[in-house]
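Chain nomenclature is as follows: A, B, C and D, assigned in order of appearance, with residue numbering initiated at 1 for each chain independently.
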Amino acid sequence: MEIHRQKYFGKFGGMYVPSILETTFDELTQAYQEARSDPAFWDGFAQYMRSYSGRPTPLTFAENLTGYLGGAKIYIKREDLNHTGAHKINNVIGQGLLAKRMGKKRVIAETGAGQHGVATATMAAKFGFECEIYMGEVDVKRQRPNVFWMEKLGAKVNVVKDGTRTLKDAINATFRDWAYSMETTHYVLGTACGPYPFPEMVAWFQSIVGKEAKKQILDVEDRLPNHVYACVGGGSNSLGIFSGFMDDKDVELVGVEAGGLGLDTGKHAARLASKDGKIGIAEGMKTVFLQTEEGQMMETHSISAGLDYVGISPILADLHERKRIRFEAATDDEVVEALRLALRKEGIVPALESAHAFAQAFKEAPRMGKDEIIVINQSGRGDKDIFTVADALKDRAWEDFIIQKAEEYRAGR
Amino acid sequence: MLEDRIRAARKRKRLLLMPHLVLGYPSFESNRELIRTMVESGADIIEMQIPFSDPMADGPVILKANDAAVRNGVTTSQCLAFAKEICALYPETIFLFMTYANVPFVYGLENFVKVAADAGILGLIIPDLPPEEGAEYLSACERNDVAPIFLFTPTNTPERLRVLASYCRGLVYCVGRTGVTGIKTKIDDALGAMIQRYKSMTTLPIGLGFGLQSKKDIDALPKDVDIAIIGTKILTLHNEGGAKAVGQFLRELAA
Amino acid sequence: MEIHRQKYFGKFGGMYVPSILETTFDELTQAYQEARSDPAFWDGFAQYMRSYSGRPTPLTFAENLTGYLGGAKIYIKREDLNHTGAHKINNVIGQGLLAKRMGKKRVIAETGAGQHGVATATMAAKFGFECEIYMGEVDVKRQRPNVFWMEKLGAKVNVVKDGTRTLKDAINATFRDWAYSMETTHYVLGTACGPYPFPEMVAWFQSIVGKEAKKQILDVEDRLPNHVYACVGGGSNSLGIFSGFMDDKDVELVGVEAGGLGLDTGKHAARLASKDGKIGIAEGMKTVFLQTEEGQMMETHSISAGLDYVGISPILADLHERKRIRFEAATDDEVVEALRLALRKEGIVPALESAHAFAQAFKEAPRMGKDEIIVINQSGRGDKDIFTVADALKDRAWEDFIIQKAEEYRAGR
Amino acid sequence: MLEDRIRAARKRKRLLLMPHLVLGYPSFESNRELIRTMVESGADIIEMQIPFSDPMADGPVILKANDAAVRNGVTTSQCLAFAKEICALYPETIFLFMTYANVPFVYGLENFVKVAADAGILGLIIPDLPPEEGAEYLSACERNDVAPIFLFTPTNTPERLRVLASYCRGLVYCVGRTGVTGIKTKIDDALGAMIQRYKSMTTLPIGLGFGLQSKKDIDALPKDVDIAIIGTKILTLHNEGGAKAVGQFLRELAA
């Protein structure tokens, strides 16, 4: 895929930034474009990912799921095996190398699920940057283990209590920090959203996933897959894997959004798969948002913090409009069921985010021919979701354990 | 039009005062009282912010007001109607709109500018809509004789300032330091130099904003500043002491 | 290293099993020896590890630690990047393939830290075995997240309340299960302990770590390391990495045991590094145990469940006696400090077990020359240890979170 | 010596009774009372288990007794001294030791066997010490005229049984089914066939163990069984009703 080297993707994208940030964006754009046209930069990046994060991640044949569902042959791209447990590290190391090139001393980032926060804190520790992370209060509550590790990695975690207290508010808060600190600081945006060059740059770093996946499926099957599934929060993991197949018109690309309690309940985060998304401008970009008639961003809902976001990558909004990608949604219940099945059948623990891609693939695979091939992107591992999953499954033993632990803590005070 | 009105006002007064408020926060009723007080206490220009759920360039105080107003269900149409009422009520005062790009975009940009102009609004401040993204906006402003106001900030290069100046009308909104609203500007020689730099790029009146706190700050302002823009301080005063406190503060500044 | 194909390693080892299990051991020994002399078996195993677990795991240059400590150049072998988060999966997949070959339908295992339990439950899900895990009550308490995932993977977790309620008791309980179930069941022993052929077989599967590490260090440094550090519970990860350098006499091998509260406190699990270990017979093998004058196994102590074990691999006891491996111990406090340093300097989260190896290397590296090279085996990742680490660091925010969670649970009842 | 003593006893009785107890559990004092009751109630052979922290071949009931005795600080020397006292007290009764390999190993194997023999112990059962690992043990037994007793189990192949038989002295300890102690054996034709198989491998007296529960079980035992070994049931009775309950049960069985 030749990623556009322009600010717009069809009618989406742009650079809607306050003038205070313009210089920073110019500087970033220049550094990014220089890095991008310097093959040594990519090589250094790929080498770093190999020796630090364990790339290439494997493409695992899901033999049991294939047999159980009785349709297409299912492969899983294992981004969960990355250091820090998700694809987020790809982008973060890329931006970290860029920030070093730009001579920055400090990095800041927003995070929803906390994976991007952990990845950024990790990179900051490794590269010697100071680090602050902004995270919505709602997300801090449901992803406490990630907050814990960010802090232990030396990052300061700022709890954002504005607005809906989720990802979009964390993004705004990070931009506010940047407006003061840009001289010394790089904002490591975590997904393929925000003002140019972020969408394109993040998609570029994540394209390492698609490059590998394409090579791997050709190695084992000697042909391309028929369908590729990825979950879609901001859009970075999906663009990452899709990029490998973008120019192969026969490969169907399926983006799976958070269906929450159902597309007709208003409690979801499906910007493209539902009828509720409308074009708008926020977080520095023009794209499809879940917003009111008045253009106010809505509260979204998803069991997975990482997909619980009002906006979507402008690159995806464009590919949706151009019908290159089909968008679907999986509900919270379907996702928990898919997680359960993946655990039982393959011994893998997809993150709740990734489990959306699994859920949709599981719905469609049985109706496919045995000669068809599916690739599912497992964007991360679900360890971090233990509190959410335990709650969703109403695990009594876990509750008892927590209650007892709480009693110990209380007694110790 | 805006520029003329400002120049005219400036003739009568060394420094114009431009306080800020968030529409629908805590209510339109309260806005009416506040604006009356502002007008009576010496405000020359009033910046009315149409609330938005994601005000990325605002600090915590204004942010909270936006949140509350959005939760109150404030609509763009209400704000436009309110502006019409107020502009008619205080024809001597200059009213501007401040908001974020999505509000006019979703309302319909062309229409938004027209209705605002008809209401009597003389200028628009949309911090997340740089000129490069605003072709439609700029032409609508031109057609409706509304001033598109852009921000000059310390980090902008001279080339950038020249570009901004070329699109800016009415006044330039100058930022005293890096950062979002609500942080105090240190008024010292560096600021004077900065204003000089801004001044060399434009012939428009200079508004200086972000962080003014007291009469002392006002007195120390470089002489090239035409307008003192006061946002967070006003909102904080209003939150704590109501319109009365705002009035008292403005009167002090104007004294 | 040519691993002995005999029941004894020097004067250690043997096959001290009740006659009821003898036939099973004969069968297992035969299957293992056949597999071992069949190169296709190893190739299949290595291929499985590649496509399912993400091997080879990287060898990461710890640039910041190297600079900070100011001595030897430090490399870290990243077993934490394995699927399920530790080296344990190497052995488990190996034994799973063997169990399939033997036509077993069910697997059982003991677990201490829970890593081996999670790995076994994972393998059972993937290979379609029924699965039961035995785990001491003390360990269940300190490693609840792992218990949760074992259950979600479909395994039954049996809480062992006998004896010291830790690893050794879980091993005994698993042997008891096996005595009833051996016809259909394979016992996936989790470390290089127990009766022959387990010590040798587990070390064989884990030798994949050492093979890779040797190749990797030669690739980047074109020479062998001077010192290799690994933590020692039962001995599987240490034997795994050491095996790659066993025949290279100039490479010093350092095994690091759990020093607990200190070697002179009696509260530790240092069988070889302390003076408290004595030769004995238990858990089916003759080796060095922490035992009373009367030959009763003692209660051990370690902050890390996985090192909290009275016995040690007979292969290691022999290599200790032959002075091929130097044994040291790191205390709980040193380990927490090492964990903190690894997090801050390299953005990695060693398991508390692995952090013992780090702690010892950190003690010694500053006194080494800059031309010396160290390899530390990071046997696993510390996510699983969040409760223990939070307690060790007395993390108030974590405690608050747990207390609040407990209140929600209580309210929901 | 053990074999002769068993054959002599067997002449007087169709089926010998061999109850089990754990030394030092709950106390040696209690052991004394229990053994007196056992002797008075028809026990012919008494299996005294020296407790061990890791009794891998025992089920939950005996395991718990081992744990408790170990925690009580029972020592091997105490057990040996106790045996000496008891053997002298009841010269008509046959006493065996059961324990795990580490206990004699740490005490000193050679010495352990000698002291036990001197005390009057006629046989030793060490489930985790197969003949292949027990060269020193076997020769010590031989020198001291103590019978090393091995277990025949349903999973052992005929070849293995022959090997075990070749090392076994005094009696063979036959296991009715797979598993550890404490599980009930179903007494049916399969058991009869199994005993036949064991019998064909050895001329030694046959002890059958693991899981006997009642007089009915005893009556249904295949005729080739010489000794009924009763472990868990005795311990359970003792835990619940003390020596009295054990005595009553043994008397029923002996009736």
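Everything below uses one rule, namely that a contact is a pair of C-beta atoms (placed from the backbone, for glycine too) under 8 Å apart; a residue touches a chain by one contact, two chains touch by 3 or more.
All figures in this text were calculated on a predicted structure; none of them were measured in a lab.
K.L.:
In whole angstrom, what separates the CA-based centres of subunit B and subunit D?
P.N.:
Distance between chain centres, rounded to whole Å: 97 Å.
K.L.:
Measuring centre to centre with CA averages, how many angstrom lie between subunit A and subunit C?
P.N.:
Their C-alpha centroids are separated by 33 Å.
K.L.:
Which whole number of Å gives the spacing of the CA centres of subunit A and subunit D?
P.N.:
Each chain reduced to its C-alpha mean, subunit A and subunit D end up 65 Å apart.
K.L.:
Which residues belonging to subunit C are in contact with no fewer than two other chains?
P.N.:
Nothing qualifies.
K.L.:
Multi-chain contacts only, two chains or more: what residues does subunit D have there?
P.N.:
Answer for subunit D, listing residues that touch two or more other chains: there are none.
K.L.:
Work through the pairs of chains, note which ones touch, and then classify the graph as line, ring, star, complete or other.
P.N.:
line
K.L.:
Using the touch rule from the top of the page, what pairs of chains touch, sorted by label?
P.N.:
A-B, A-C, C-D
K.L.:
Residues of subunit C touching subunit A in their complex?
P.N.:
Spelled out, the residues of subunit C in touch with subunit A are 50-54, 57-61, 64, 78, 80-83, 85, 121-126, 128, 141, 144-145, 147-149, 151-154, 340, 343-349, 383-384, 386-387, 389-390, 393, 395, 397-399, 401-403, 405-407, 409-410.
K.L.:
What residues on subunit C touch subunit D, complex-wise?
P.N.:
14-24, 162-163, 168-169, 172, 175-176, 179-183, 278, 280-284, 286, 289, 291, 293-297
K.L.:
Tell me, which parts of subunit D touch subunit C in their complex?
P.N.:
Against subunit C, subunit D makes touches at 52-57, 59-60, 63-64, 67, 70, 74-76, 100-103, 105-107, 127-130, 132-133, 150-153, 155-157, 160, 164, 175, 178-180, 183.
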